[in-house]
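The structures come next, written out as structure tokens.
Each of the two complexes below includes chain A, the first together with chain B, the second together with chain C.
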Partner chain A sequence: MDGYWGKILVADLGTGRLFDEPLNEKYARDFLGSTGLAARYLYDLVDEKTDPLGPENPLILMPGLLNGTSGPSVSRWGGAAKSPLTGHYGDANAGALFGAELKRAGYDGIILKGQSTTPVYIYVKDGVATLKDAGGLWGKDTYKTQEAIKKECKDKRTQIACIGSASENLVPYGNIMSEYGHSLGRAGLGCVMGSKQVKAIACRGRMKLPMQDSERFRKFARKAMKEVKEAFLSQWMHEGGTASWVDSAISYGDGPTKYYTAPTMAEATKISGVTMAEKYETGHTACFGCPIRCRKVLRIQEGKYKYESVEGPEYETVIALGAMMGLDLDMSSIVYLNELCNGYGFDTISGGASAGYAFYLYDMGIISDKDTGGLKLTWGNVDAAIALLDLIGKKEGFGAIVAEGTKRMARRYGRPAGEAVQTKGLEIPMHDPRAYHSMGLAYATSPRGADHNKSDGYQVDGGVGHPDLGLNADDRWGDKKAAMVEKSQNYRALTDSIGICHFAMIPFTLIVDMINAYTDWDTDIDQLLKAGERVFQLQRALSCKLGITSKDDVLPELIMRPIQEGGQEGHVPNMEKMLPEYYALRDWDSATGKPSKERLEGLGMSEIAASIDAK
Partner chain B sequence: MAKVTINFIGPWRLFLGVGTVTIEVNNIEEARDYVEKTYGPVYEKTLKSRGIHEKQSVWENSNVLLNRRDIQQLDKPVLKDGDNLDLLPPIAGG
Partner chain C sequence: MAAKFGTQEWYDIYKEEINNSKAYEEAAKTWEGDFYFITKKGGPVKEPIVGYVDLWHGKCRKAEVVTDMKKYNPEFIIEAPYAIWKRICLKQLDSTQALITKQSKLMTGSRGTMAKIMRYTKAANELTNITARIDTEWLD
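Here is the complex of A and B:
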């Protein structure tokens, strides 16, 4: 089948055997790649009894369908496993260069099974995979790990996905890092990798992709490249990067401050993408084949921590490691905090939110210096925040408690479950649902738990819609959001599976054209949108298989408390209205939360319907 | 006439080279005309330098908030001294 190599690399870590398994072509056709295809493979391999940190939990990493091609901004790759943080379906995706390199190294994906008894890493080069000793790498941070492997391979262009000591220490939200600051950030996929004692996967590929019609593909890719280059959004993202949203977040009340209890702090502008551009930027970096080049390279010569050249943090990180704990940071400190988390290799969203919750508990008098080991977690205490994040990475002292995530923290301290701002065990990202009501619905219904990237709610109502899909800006505090969230979730499930970046405004017809030229398919817009819905409903069915029900589709109580001051103006999402409408559109059972048999069968998933006993 | 402050939020500051201006106008339409007349050419020039020749409006490419309320959601908003108009780019962070 064109577009795929037809093989998956399986690493059986218990025996140390690496072997090729034929790609399931039906799965590939139906679920495309990245998180879509990974979820379909995962579905067959886990159930409610699977221990997320046991040998039976696989870690599946897959390139997006168009990774490695000359299409613009199609670098996104993804992974899936049963999450050690949430205990059910977990996935994550990232950009940079790894997905393209994996594809060009001759594989449609990698499945890690079992557990190694000693640290190892997997080296894949041009269709050949080998298992290597990683004893000397264990304990190294994610930057030094990558440098060491590149040196050992004698090839600087080797692309590496690796874990740091957070995942070695089994921090449940340990992530997988690649390049400088790109991560499969969420749901603890790095922790699963750590449980298998796999320090890294290194890829180098120079193979010609299995493309059906290269000339036709190039023609469409060139057109798409022009569209992306000239798009309004591209210009803005290049100039400001994601972190430039900080300034808008202050106006809209979108950036959670002091653990969701205060208006977005205006001081955050000091560490926004605009300030980075004005004072510190020396250049940009880009993901594979991306003309937008939204990532910033900074030079920081003032403040406590100096950097000659360092990648700037993204929006989520700037808020999670700053305003969330009420920190009034300078650029030097936010970069240091980001580098600390990236070096240890843990998710800045869950890490920052969990640390923020610790500050909140301290402020409420629920915990004291006795619990924190002497850390004075008063809002705004930068030194305490640095010390706490350091302890999380090491999983030591009070850090070991905060490393468990907010849901377990609430349980430990006998707090109401709704005080932990998470859904289904995954901390809510830095777009406050009180600023954009659609995000409340998106967080409540995302298969893996709170996920800002599985819906475009804040983007659509913020003004970047998809008119060709009928997704246009509307009142951000309105409650007629069910259809928009459903459509945008399907669309993002699709683009994630293809590997397209959210910021690449490629006309849908050109996406279709590129896929048809790459593969031997004759697909169209309707079929692809259906594939997006199929992926989303599959991920939902997998969540249900792993124990999620309609009772889990809720927003935590703390985030339903109105904040009158600032950009939220006292609004809270009307979940009672939105959720039933959404359930009706999705055809989910109001008690079990399962997708209906009819809907699953209509999407060609009768085996999934039977497996979860859908009605 | 009302003395109002216009805040150019986020990357607008980078594109237009201005963060805040205070002007005297009678209504929102006059504020919009001022922005287009004064900063439209600056934006056009910046875009041209990037190879984009399509004419773009600053105001139309903004979400405009009056004292943090979206003007689209306000019924015939009236300006008064000390009001703030925020021009936010319609982009969203990751």
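Here is the complex of A and C:
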């Protein structure tokens, strides 16, 4: 089948055996790649009894369908496993170069099974995979690990996905880092990798992709490249990066502050993408084949921490490690905090939100210096925040408690469940649903738990819509959001599986053209949109298989408290109205939360319907 | 009585409404910059309509229809066909979405930067809240 190598690398870590397994072509055709295809493989391998940190939980990493091609901004790759943070379905995706390199190394994906008894890393080069000792790498931070492996391979172009000591220490939201600061961030996939004692996967590929019609592909890719280069959003993202959203977040009350209890702090503008561009930027870096080049390279010569050349933090990090704890940061400090988390290798969203919750509990008098080991977690205490994040990375002292995430923290301290701002155990990202009501619905219904990337709600109502899909800007506080959220979730399930970046405005017809030229398919817009829905409903069914029901589709109580001041102006999402409308569109059972048998069968998933006993 | 779109009378009202808007003043309290809003030739617009608007610290210092583009050197220029301006002014089309979907075009003149304008998306929306309130006689 063109577009795929037809093989998956399986690493049986218990025996140390690496072998190739034929790609399930039906799965590939139906679920494309990245998080879509990974979820389909995962479905067969886990159930409610699977211990997320046991040998039976696989870690599946897949390139996006178009990874490695000359299509513009098609670098996104992804992974899936049962999450050690949430206890159910977990996935994450990232950009940079790893997905393309894995594909060019001759594989359609990697499945890690079992557990090694000693630290190892997997080296894949041009279709050949070997298991290597990582004893000397264990304990190293993610940056040093990448450098050491590149040196060992004697090839700087080797791409590495690795874990840091947070995941070695089994921090449940430990992540997988690649190309230095790019993160496969959420749901604790790095922690699963750590449980297997796999320090890294290194790939180098120079193989010609299995493309059906290279000339035709190049023609469409060139057109798509022109579209992306000329798009206003590309210029915007190049200029400001994701952190350029900070200033809008301040205006609209989108950036959670003091653990969701205060208006977005205006001081965050000092560490926004715009400020980076105006005062600190020396250049940009890009993901594979991306003309946008949204990542910033900064030079910081003022403040406590100085950097000659360092990557600028993303929007989520800027808010999660700043306003969330009420920190009035300068650029030097936010970069330091970002580097600290990246070096340890843990998710800045869950990490920042969990630290923010600790500050909240301290402020409320629920915990004291006795609990924190002397850390004075008063809003705005930068030194305490640094010390706490450091302890999380080491999983030591009070940091070991905060490393468990907000849901477990609330339980430990006997607090109401609705005080922990998460859905299904995953901390809510830095787009406040009181600023954009659609995000409330997106967070409540995303298969892995709160997920800002599975829906474009804040982007659509912020003006970055998709008119060709009927996704147009509307009242951000409106409650007729069910259709928009459903459509955008399907669309993102699709583009994630293909590997397309959210910021690449490629006309849908060109996406179809590129896929048809790459593969031997004769697909069209309707089929692809259906594939997007198939992926999303599969991920939902997998969540249900692992114990999620309609009772879990709720927003926490704390985030439903209105904030009158600032950009939210006292609004809260009307979940009672939106959720039933959404359920009707999805055809989900109101009691069990399961997709209907008819809907699953209509999407070609009879076996999934039978597996979860869908009605 | 309705003011005809693109006339000096319309821009006078626009200026007055901006200066009466507390929401705009709050959103743009630190903004310093000027614009040409250009309505392209086409449809009922026989010659391009160019409106110069100078915005400063939440207030409008000048709103003027100009016939000679050389008269000012604004930081930003936004250009769109009449039908698009009408939809933006009536809040039927989000101003950012118009840019993203290439229905309008932003140019940064010789002095402006994209970075500067990124800080003020809410102020831009408040400007369209204001245009939606103006009793406008449309050209079509």
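Methods note: the second predicted complex is superposed on the first by the 615 of 615 C-alpha atoms of A that agree within 3 Å, B and C clash if a C-alpha of one lies under 4 Å from a C-alpha of the other, contacts with A are read in each partner's own complex, and residues count from 1 in each chain.
Convention: contacts are C-beta pairs under 8 Å (C-beta built on N, C-alpha and C of every residue); 3 or more make two chains touch, one makes a residue touch a chain.
Bear in mind that the values here come from a model prediction, so they are computed numbers and not experimental data.
Superposition note: with chain A as the common reference, chain B and chain C are in steric clash. Touch criterion met: A:Gly567 reaches chain B and chain C at once. In the superposed pair of complexes, A:Ser446 makes contact with neither chain B nor chain C.
In the superposed model, A:Val274 lies in contact with both chain B and chain C. After overlaying the two complexes on the shared chain, residue contacts for A:Met237 are found with chain B alone; chain C is out of touch. Legend: residue contacts after superposition of the two complexes on their common chain; A:Ala249 is shown touching chain B, with no touch to chain C. Look at A:Pro467: by the touch rule set out above, it reaches chain C but stays clear of chain B. When both complexes are overlaid on chain A, the residue A:Ser178 reaches neither chain B nor chain C. In the superposed pair of complexes, A:Ser438 makes contact with neither chain B nor chain C. Of the two partner chains placed by superposition, only chain C is touched by A:Met505; chain B is not. Between chain B and chain C, the partner in contact with more residues of chain A is B. The intersection of chain A residues touching chain B with those touching chain C, taken from the two complexes, comprises 230, 232-233, 235-236, 239-240, 244, 247-248, 251-252, 272-274, 277-278, 462-464, 473, 567. Listed in rising order, the residues of chain A touching chain C in the complex are 230-233, 235-236, 239-240, 244, 247-248, 251-252, 269, 272-274, 277-278, 462-465, 467, 472-473, 505, 567. On chain A, the positions that touch chain B within their shared complex are 229-230, 232-233, 235-237, 239-240, 242-249, 251-252, 272-274, 277-278, 314-316, 453, 458-459, 462-464, 473, 475-476, 502-503, 566-567, 569.
Residue ranges of chain B in contact with chain A, taken from their complex: 9-11, 13-15, 47, 50-52, 54, 56, 61, 63, 65, 68-70, 72-73, 86, 88-94. On the chain C side of its complex with chain A, the touching residues are 27, 93-97, 99-102, 106, 113-116, 118-123.
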